[in-house]
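Both of the next two complexes hold subunit A, though its partner changes from subunit B to subunit C.
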Partner chain A sequence: MTAAGQSQRKSSGRAGRTIVADRVATAVLWGLGAFVLLLLGGIIVHFVLASIGFMSLSFVFGDPSESALGGVGPLLFNSVYMLVLAMLIAVPLGILAGIYMSEYAGDNRVTDSIRFAEEAISSVPSIVVGLFGLIAFVNLTHWGFTAMGGALALTLFNLPLMARLCEQALRAVPADERSASLALGATKWQTIRHVVLPLAIPGIVTGIILTAGRVFGEAAALLFTAGISTPTGYNFANLNIFDHNSPWSPFRPATTLSVYIWKTNSEGLGSFVQQIGDGASALLLATVLIFNVGARFLGRILTRRLTAA
Partner chain B sequence: MTTTTREDAPLLDAIDPAAATLPPRIVVAGAEAPTAPAATGTPKVDAENVSIYYGAKLAVRDVTLHVPERSILALIGPSGSGKSTFLRCFNRMNDLIPGARVTGQVRLDGEALMDADVSVVELRRRVGMVFQRPNPFPMSIYDNVAYGPRRRGASNRVEMDELVERSLTRAALWNEVKDDIHKKSGLSLSGGQQQRLCIARVLATEPEVILMDEPASALDPISTLRVEELMRELRETYTIIIVTHNMQQAARVSDRTAFFNMGEDRAGYLVELDDTRTLFTNPKNQLTEDYVSGRFG
Partner chain C sequence: MAVVGDAPVLTGLCVRPAFRDRLDLPRRVVFLAALSMVGIVFILLGFIAWQGVQLFVQNGVPISSVLSPTWSPEDAPVSFGILPFVLATIGVTGVAVLISTPLSVGLALFLSEVAPRRAREIVQPALEIFVGIPSVVWGWLGLTILVPILATNFRWLGFTVGFSWFAGSVVLSIMILPTITTITYDAFRAVPQELRTGSLALGTTRWQMIRHILLPAARAGTLTAIVLGMTRAAGEALAVQMVIGNRPTIPTSLTQPVTTLTSQITLDMGNTVFGAPDNNVLWTMGLILLLISMLSVILIRAMNRSGKRA
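Right, the complex of A and B next:
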């Protein structure tokens, strides 16, 4: 056999191996993807099946009860209320901080350490955040357990996360678009407002969804800040936000659905612990889904509005 | 950040525009052929002893040239010869690069551009720029063209409609897109159309000078031809400086051509500037001759 023939065979062997490697990689990645999707689907199907027997309007909107199954209405309300309150604090501040860090602060040792701190704080164990919140927002302020205290505790790790994600979203906007705007005689702020922000909105919405998910799911940080009392008999007609008996007041205890799931399971009282856990979990999943889809939808509308005029 | 020869700035302000006509300042002796028709025009923009640094690194060394009104100057030369960097002095886009520093004088209508009190925003409205890669905004065609005027505060609907139509017509794009300027995104156009949209967007800001940084290098030959035709038409109204890698393009569209090269210190410098025909057929400098005949670069 000639040298040329040998080398040809060798290279065809290598090509064969490359094709096999390609197929194996495709199969492995496909399999992993399918596994993740199955896991996710399994969780959803499990909670839907587990709660379908007793899921009803009275469970979703009714008051909790010691003797009967009761409902989780006030807790669901508190979860949404807490989300809105925490987001009202974290989103505007996070976006402004992100704009500053991305467009104005520059890259130096100080900003590098700020970025490092943002990432570090947002991953502090939430029970630590809860204990800090107990000192700062419950005791020092003399507020007691309040929705505001809970929201501020959540802000401790949500704001840095939000700021970091916004900064990344803004930085990902191509330099070409910025140059085009500046070269047309737009000012820096006009460029940020009309070109950079609209292009960054999908990334900012991702940031909002990630932080919102943590608010929905958080229990440990809220135990000692928003309280674990079981709320009943909310009077939604009382719109006075300064009245601590009004469910609209931020300065009242606000046990959320996640905290309630933890509470019923850890106390283990009553015979409906299992149902409450399953039903509340299904409700949380549905709420998160509705929130995420809604956030994407609003983000798309906002992008259109911002780029139009 | 900017060092300029300060003593002649107040003087220039006092001189009336006609008298501000500057004598040709060309580095290479004899490069300015007395027969070059464009050389007799009023200098619209001029650069005097311009050097550009990135940090400590010298990127462009001591360039002096001027561009007469309503003419096209092509900047040619190999990669790294500082053409694009030099081009960006004229609308101060180099300001955006951290550590970039320009020394010497750059003038528009005889007025110094590099001074701290010059409004960069105002300057960039008078000196528009078309980039190498078409970069329309992700908005409708209409909003793309209206972008510059709107940032200046224009809001009259009727006037804006007229301006958009006029700009798209001048950029030879109106007939292709007129039916869906509100519906279609600038990004949905073909590459050549996108570049003409970018030109229309610049025209809408009613500039006096247009800088083009390899405007056709990302386009197919037919689109390139259309952009070149467009440049010839725009020359009737505007002063244009174009950077190009394509020597045929420089020969086809420009009135005068400046050849840049990279020196041994890796800094770009101006080798020769002349009437385009002369530079390509009868260059004075051996380097230019080697380059235009394809021996290097």
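Right, the complex of A and C next:
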């Protein structure tokens, strides 16, 4: 609409310069938008090309090796395992905290300090969370480097994110739904459980997946909590979770895929550092894409299922 | 909500509420869950502060040694000067913000003022994917693409090895781009539509409207975004460590390898003995990082409050 107005105006002198400035600015801003897409596209293409030569099932699921290329199987398993462990703690706690902040919290100092804590934890560098984990979950507990320690560290600083996303999902539920339920004689908790929470599920699921994506790629907080030893020869048939040799045990060291990228690079192990770095990064990137698309897709399906009916 | 929930009880109809209702267990449980975050902050601060002062308490290292510009934890004369790391953190973060801010604010302007809906629906998800890319992947990209380019094509500028302050800043600037963009975008969206239409109706071009109306109106939000971006950049560890070269000298040139607080912690924590002075000094650095992030949260809160009052 502005363009039409401008073209009718005589472009001379100062007015002309103003219009040129406007055109240039518009072009630059479009350029920035294109830049982001090109950068993302470039990164994806780069990793596809870099890993196309060796990416195979034996790389994704095989054991790491120092002499040959080997694989990242146990590390990928650890990433998934740790993700599940961390989310088992963070999701219930986050939903509960979100319920309080959305449904109960009054405008008072307690709420204010919880809000402050939320922001404060979110801004703590992940390496510092790792340091804290080293004292709290490695030294004080005498666990040593464990998956549980790593998962607790991950929970710690993803709890605020989870709580905030749940709070937003709950707040988005229309007030009429609550009033109607309360007017029918339901108690506040009955209203929350049977009316508000079901309606907020699509938003909560999206929140869970977004948090999961962040947990999956985290490395700095895990260096000193879950350890950086290279795992090999996992025996998945050993289902005894109390046996520290079992890959299913939470109390064993658990180096994840992202930590492995850092480790192989910083220690410069073997002659396959480049392939391991490219391949593992490609896998991480693919996971991030899947999480992102999955969150959108699932959110949309659940919204249609649960609310339109 | 509160109004409906707290409606006066019809005393004639209602008997005394049951013990279960008076206790209101669900309320207590969700309250505890929310309060646990306050607990986490206290425990986090307590533990890191405790271990962070051990360098002075347990090892008896004088504060002047920590403030000195010489980092020499092993060779005599032993000196735990963390000044090189502090300055490098400030320098790397500062340059990253200088690179990232114009790009991010421009991108936010594009999304909020220029882009048609279709374009926005493509660029915004792309930014969300950016947020999700793990920091080690950014570090790996910097290491395998940026560093070799600097070392071969820009040697004439002084990049002898490629690993440098500048490489660290570039990697960080891309990592904080989505943070600054999203928050600035929200700030632009919060500016009332009437201000835009009013300006355009007076015959200004869109760019004039952006420069003279929109940017000043969204200044508080933009500043918040920059502070948040800085906080994130200062605390980022692995990506920076992978490209920065890790030389503990006072940073003097963008082309030179340096070491930040985070990268020094990352490198040395595994190579030192818990409780020894060269280990405890790393906790002191961690404490500094923690205090920086807490201060920035307080600063942002203060800015938002004054922004609302104005």
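Criterion: the second predicted complex is superposed on the first by the 249 of 309 C-alpha atoms of A that agree within 3 Å, B and C clash if a C-alpha of one lies under 4 Å from a C-alpha of the other, contacts with A are read in each partner's own complex, and residues count from 1 in each chain.
In this text, a contact is a pair of C-beta atoms (placed from the backbone, for glycine too) under 8 Å apart; a residue touches a chain by one contact, two chains touch by 3 or more.
These numbers come from a predicted model, not from an experiment.
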{"item": "First (subunit B), second (subunit C), both or neither touched by A:G33", "value": "second"}
{"item": "Which superposed partner A:F132 touches (first subunit B, second subunit C, both, neither)", "value": "second"}
{"item": "Which partner, subunit B or subunit C, touches more subunit A residues", "value": "C"}
{"item": "Subunit B versus subunit C as contact partner of A:L199, first or second or both or neither", "value": "first"}
{"item": "Which superposed partner A:A86 touches (first subunit B, second subunit C, both, neither)", "value": "neither"}
{"item": "Touched partner set for A:T187, first subunit B, second subunit C, both or neither", "value": "both"}
{"item": "Touching partner for A:E177 - first (subunit B), second (subunit C), both, neither", "value": "first"}
{"item": "Contact residues common to both interfaces of subunit A (with subunit B and with subunit C)", "value": "106, 179, 182-183, 187"}
{"item": "Complex contact set, residues of subunit A against subunit C", "value": "2, 5-6, 18-19, 21-22, 25-26, 28-30, 32-33, 35-37, 39-40, 43, 46, 93, 96-97, 99-101, 103-106, 110, 113-114, 116-121, 123-129, 131-132, 134-136, 139, 156, 159-160, 163, 175, 178-179, 182-183, 187-189, 192, 210, 213-214, 216-220, 223-224, 228, 258-259, 261-262, 265-266, 274, 277-278, 281, 284-285, 288-289, 291-292, 296"}
{"item": "Touch list for subunit A against partner subunit B, complex", "value": "106, 174, 176-177, 179-187, 190, 194-195, 198-199, 307-309"}
{"item": "Contact set on subunit B toward subunit A in their complex", "value": "91, 93, 96, 98, 121-125, 128-129, 131, 133, 135-140, 143, 147-148, 150-152, 198, 201-202, 205"}
{"item": "Residues of subunit C touching subunit A in the complex", "value": "1-2, 4-5, 21, 24, 26-27, 29-31, 33-38, 40-41, 43-44, 47-48, 51, 103, 106-107, 109-111, 113-115, 119, 122-123, 125-130, 132-137, 139-141, 143-145, 174, 177, 200, 203, 205-208, 210, 228, 231-232, 234-238, 241-242, 262, 265-267, 269-270, 274, 282-283, 286, 289-290, 293-294, 296-297, 300-301"}
